[in-house]
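Each of the two complexes below includes chain A, the first together with chain B, the second together with chain C.
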Partner chain A sequence: MRGSMSRDAPVATAHAGEATGSGRGQSLLSVENLRTHFFTYQGVVQALNGVSFDIRGNEAVGLVGETGCGKSLTALSVMRLVEEPGRILDGEVWFEGKDLLQLTEAEMRRIRGNRIAMIFQDPSTYLNPVFTIGNQIGEVISLHQRLRGKELNRRVVDTLHMVRMPDPERVARQYPHQLSGGMRQRCLIAMAVACNPKLIIADEPTTALDVTVQAAILLLLGELRQETGGALLLITHNLGIVAEICDRVIVMYSGDVVEASPTRELFVSPAHPYTNLLLDAVPKLHQDPSERLPSIPGSVPNLIHPPSACRFHPRCPHAREVCATEKPLLQAVSDGHMAACHLWYPPRRGSWEAA
Partner chain B sequence: MTKPLLTMRHVRELFPISGGFFGRTVGYTRAVDGVDATIGKGQTLGLVGESGCGKSTLGRIAVKLLDPTEGFVMFEDIDLSKAEGASWKELRPQMQMVFQDTQSSLDPRMTVESTVAEPLQLVGMKRGSELYETVASLTLRVGLNLDHLNRYPHELSGGERQRVVIARALATNPRFVVLDEPTASLDVSVQAHILNLLKDLQRAFSLTYLFISHDLSVVRFMSDDVGVMYLGKIVEIARTEPIYATPLHPYTRALLAAIPIPDPTLRKQRLVLGGDVPSADSPPPGCRFHPRCPWAAAICSEEEPKLRGIITEHRAACHFAEQFKDQPVYVSSNGG
Partner chain C sequence: MKLYYLIGRRILQVIPVFLGVTLLTFAVSHSIPGDPARAIAGIYANEQTVEAIRHRWGLDRPVYEQYGIYVKGLVQGDLGVSIQSRRPVMDDISDRLPATIELALFALILMCLIGIPVGVVSANWRNKLPDHLSRLFVLIGGAVPTFWLALVAQLVFFRYLGWLPSGGRTSDMIASPSHISGLYLLDSALTLNGAALVDSLEHILLPGITLALAGITSITRMTRASMLEVLQRDYIKAARAKGLSRRKVVLKHAFKNALIPTVTILGMMFGSMLSGAFVVEWIFSWPGLGSLAATSITNLDYTTIMGVSVVIAFVYVLANLVVDVSYMILNPRIRLE
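Let's turn to the complex of A and B:
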């Protein structure tokens, strides 16, 4: 896995413009310096503070972070679904040779659900209770492909079949309340894959589900990706899910990307102090229960008055003076592994572990 | 095991389902269907299971928020269903509960101070400056500071609200606390703080916990004994170590295999269950797990397996539990 990573080394760095330019050819989605702020009465919430990352053709990328770090907002910004008082101030979102932020609303509508599809967290609120499942999946298909009548129905049933729905013909005639949580989530996945998108963004797709159902849904997402050859951006706070199904992981903290790395490397040798602390804070199945769980001191910062420079510095055990004055850039730590931390200048493995 | 503080015997809770024009009872939801469990003094019993398995109902029965339809609960040597009037008034402060959703278990119009003070006033323990001091020391004990005393719930973060709920639960100096998914709505870094706090408090006040969660790794971290529930029944119960090392019930094995582990170097058995949890209104005949069980045989749909000891202190309700005795779920791998 490491071998393949080094061959086509990822190229998104917030500062190196030329490097990202050459990266556009290889990557399916390339987000550069995305800034989304919310203009509220209390002040400007600097929710996304220059987010950059890449997703290649058939990768599964995990976007992780805690509540309020901006991971869902990143997805909404990519889809241009940010609502007032939020506004995308700056940045570029390159997808299939187009900057999505420059498209008209009509052009964007042809991409949503068709080229990029999204799966949301709570399946019961994203399904309309007064329409049948078949009707709702059919709507997506008829919007993007001129199918009508019997042909459309066949496609709906095929799509439900694709997500391993038991008895798809019957489910197509049923209403959301007649289905269980896991089946509803399968319907949302069916809506997402109906038009064979190149990229599926799944925002906490299993958070509302029980673990055994979650396992089945994750298995399905993995299998679908292999069948369709699309890419998956999986947004989650669950590091376990990322470890199991993602090729690469992007870690966000307080509106910044702090680390991006191949999955295995992230878990074995995290480069950013926040990632390291976050990994430690999860209770493990092989941990000695008599020990205390390592925890991160302090709490998530207020985004109206975020800490200066590196937003993690007030909670960071390795913070130095420079961390409060100069914003660290996302830089390569090793092949395909990037971190935004001053303790990596010059990049030295384990420099903060020794500190 | 230490002397039991809480003993549950054949506990059963049936909720009537009303239907038809006259709202007659047409059936029963068997939320808890014959549970036996004991919790030793100063110990933690973890209860895991998926939504609807009856773990929260059992938690409520344990502190007499619900009376069981059948069976009984003994707190030391007092039968809770017989505790009424004065004896119940004496017993009530000794058992407390912490709920999952802090937003709805705190009154939005009460400050932290009055929230924590309320149980103390109710049991008539303290007044005036003595009351304030007790509240202040409780607040400090759970890791809040005195500035928090005058705040309202909406001014607090999720982790802080959970600390207030814990302080309130500890106010009456309880001996037994039911923790119903205390960290389910919290981020991992906040969860770590709360779990550490709960362990510290247990040691400091020699508390006995019933810890309810759907997160198996959290339960492992917190518990001395673990009970796994499925559709109102305990299907496996044992000390924490053996149940995680070699689970003997197929459902426990499936649960363990289903939790995503934040460690790419760990390999585990692939075991994905088909279908959803059946409804507790009409559980499947025989073993309730048999429609989803990969090892199900003919006997499983006919005869209900009893919870029986397979190894010392390790009980499972499966006809074929013996076959799992030397089969760990996890295998560590260094390749890949």
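Let's turn to the complex of A and C:
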């Protein structure tokens, strides 16, 4: 383990969501104990197992973890777009003073695309092939801002202009298949920023793009955030991207948040063994190219029959007996840095044991 | 601009298809057994008369020459003279074609009006009650043979209930509407002839529904399947993330995409209804192409058989052209290829 381990540090045993530091008052989005499961014929897939985190206004937060750990599902659950057989069983999603999980569907629709917008992974499949770009961007503007006709067209062109689209008037009249991948992603981003949302959730926005285009899109996302002053939740498995544009990082493993930390601190002193191994697996410049990259032994757990307690314990080099019996809570290891691991705070035994 | 260019190119492509159709119908009708000259002359005519007729109708010339004459006439809109009625085949057909087109169009509209919405509803409430009901309907409707349905419909609505006529296009007491398009429903509506409109509607209802039923079930199934497929697509999720209501997402984003395969089926069905309405036309005494073809086959009236085949092929090709054009309207990706 890197970093210092102090048994005397104040133990935050309170509810994980409230322990995230700032509390509900200052955060824009506060997710508490979110549980989303899928009810399949094979069994119940426990995809989100009590996810908690906070995002403050105008903050860029990275949500990282390997494929299938629940990153995208967290975003869909926040948007309440989880499809059957998935169901949000429990939890609270506080946004602008409202618990989104308690809203009616009509109230939720006024949030989607308006207050919280989403950018998706693959711009070639998330754009509808039979409607023009102008139509698809205009749709979200007319829906939330009740604009029509010329005024709407002007807003569409302005929005395309905002995402640095060359020749926006022409692009507005074109269909998705007439544009390049990077331009399509700019269109998806335009749809997301069109109503000036407070929070943009970007679900792997660069995964499907060329490396050179990726850089341009990331630059755009960073610039837009500074222009609009909104918050960004960036879902990715690329730690390099996180290091570049995120203020804080949330690490997920198998449906649990295992670590949340300011970006710099995460890279310098990761607190959770999983994060540690994850960082080891990132290729480094000074590495001998003939050597194999380190990988995390074992495989991603089956979410129908997940490992008990800490879901990482079967793969963890530091696992102890307690890791299989008691689920570690997300607790502060230093100011603003939290981890869910028994290495940091061995759980206290009940008083009956001490007696 | 581009759309017109593509339509023009498509029409040019139709010409070789059309030549192939005439060649095939010509070859087939000349290889069926029976002597047309004998059929014209009658059983009691002597050999000399038959020979004279053969010469007069050009039947003694080489087959390729006959084909040349036929195609030459065809280009000028001349399909030859009917052996049976001794009238130009074109006249016989143009008397009957509007009736068939009206029936097929009526059935087609029923298919769209019933099949598409039921398919959409079925997909939207997948595995719920509306879906179960629609699937039951598809199963039963698809299993019922047309001739049986036609007879039962006649029995129930004409014989027992007495609500609808048993056949024909109009009642004797009511004059046919003035001839504009030849489609009675359209003509009577255009001339504001209420009595004729009601009368035509009463007559077309049973044959129309009978003809449409099998198509309705296919369209329902097709629409349901393609809606279900489209609803899984990523752009549906993106549309929901914009804050659109589920209804708007289904009716705008999913529907237009799901319609593409349905339109293909509709075009093919229209073509097959023109030629395949024999049974329905026969049972309901509908004076259309189907019954004309049926009588000309039994009478060995081969000029009429060929004429009907060529006209049906022509309409079929036309229907496919309409499908292609509607593709271009529905799917912008095709326009550029």
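Definition applied: the second predicted complex is superposed on the first by the 321 of 355 C-alpha atoms of A that agree within 3 Å, B and C clash if a C-alpha of one lies under 4 Å from a C-alpha of the other, contacts with A are read in each partner's own complex, and residues count from 1 in each chain.
Following the convention adopted for this analysis, a residue touches a chain if its C-beta (ideal position, glycine included) is under 8 Å from a C-beta of that chain, and two chains touch if they have at least 3 such contacts.
None of the values given here were measured: they were computed from a predicted structure.
Asks: Does the superposition put A:Leu279 against chain B (first), chain C (second), both, or neither?
Replies: Only chain B is touched by A:Leu279; chain C is not.
Asks: With the two structures laid over each other on chain A, which partner does A:His237 touch: chain B (first), chain C (second), both, or neither?
Replies: first
Asks: Any idea whether chain B or chain C touches more of chain A?
Replies: After superposing on chain A, more of chain A is contacted by B.
Asks: Is A:Leu218 contacted by the first partner chain B, the second partner chain C, both or neither?
Replies: Once the two structures are laid over each other on A, A:Leu218 reaches chain B alone.
Asks: Just chain B (first), just chain C (second), both, or neither: which does A:Arg109 touch?
Replies: In the superposition, A:Arg109 contacts chain C only.
Asks: Return first, second, both or neither, reflecting whether A:Ser180 touches chain B, chain C, both chains, or no partner chain.
Replies: After superposition on chain A, A:Ser180 lies in contact with chain B alone.
Asks: Now for A:Arg155: first (chain B), second (chain C), both, or neither, which partner does it touch?
Replies: neither
Asks: Please give the residue numbers of chain A that touch chain C in the complex, ascending.
Replies: Interface residues on the chain A side: 79, 81, 109-114, 117-118, 120, 122, 125-132, 139-140, 143-144, 175, 177-178, 188, 191.
Asks: Can you list the chain B residues touching chain A in their complex?
Replies: Going through chain B, the ones touching chain A are 50-51, 157-159, 187-193, 195-196, 199, 214-218, 220-222, 240, 244, 254-266, 272-274, 276-277, 330, 336.
Asks: Under the touch definition given earlier, write down the residues of chain A that touch chain B in their complex.
Replies: Against chain B, chain A makes touches at 1, 66-67, 180-183, 210-216, 218-219, 237-244, 263-264, 267-268, 277-279, 281-287, 289, 292-296, 299-300.
Asks: Report the residues of chain C in contact with chain A in the complex, numbered from low to high.
Replies: 233-235, 237-245, 253, 256-257, 330-333, 336
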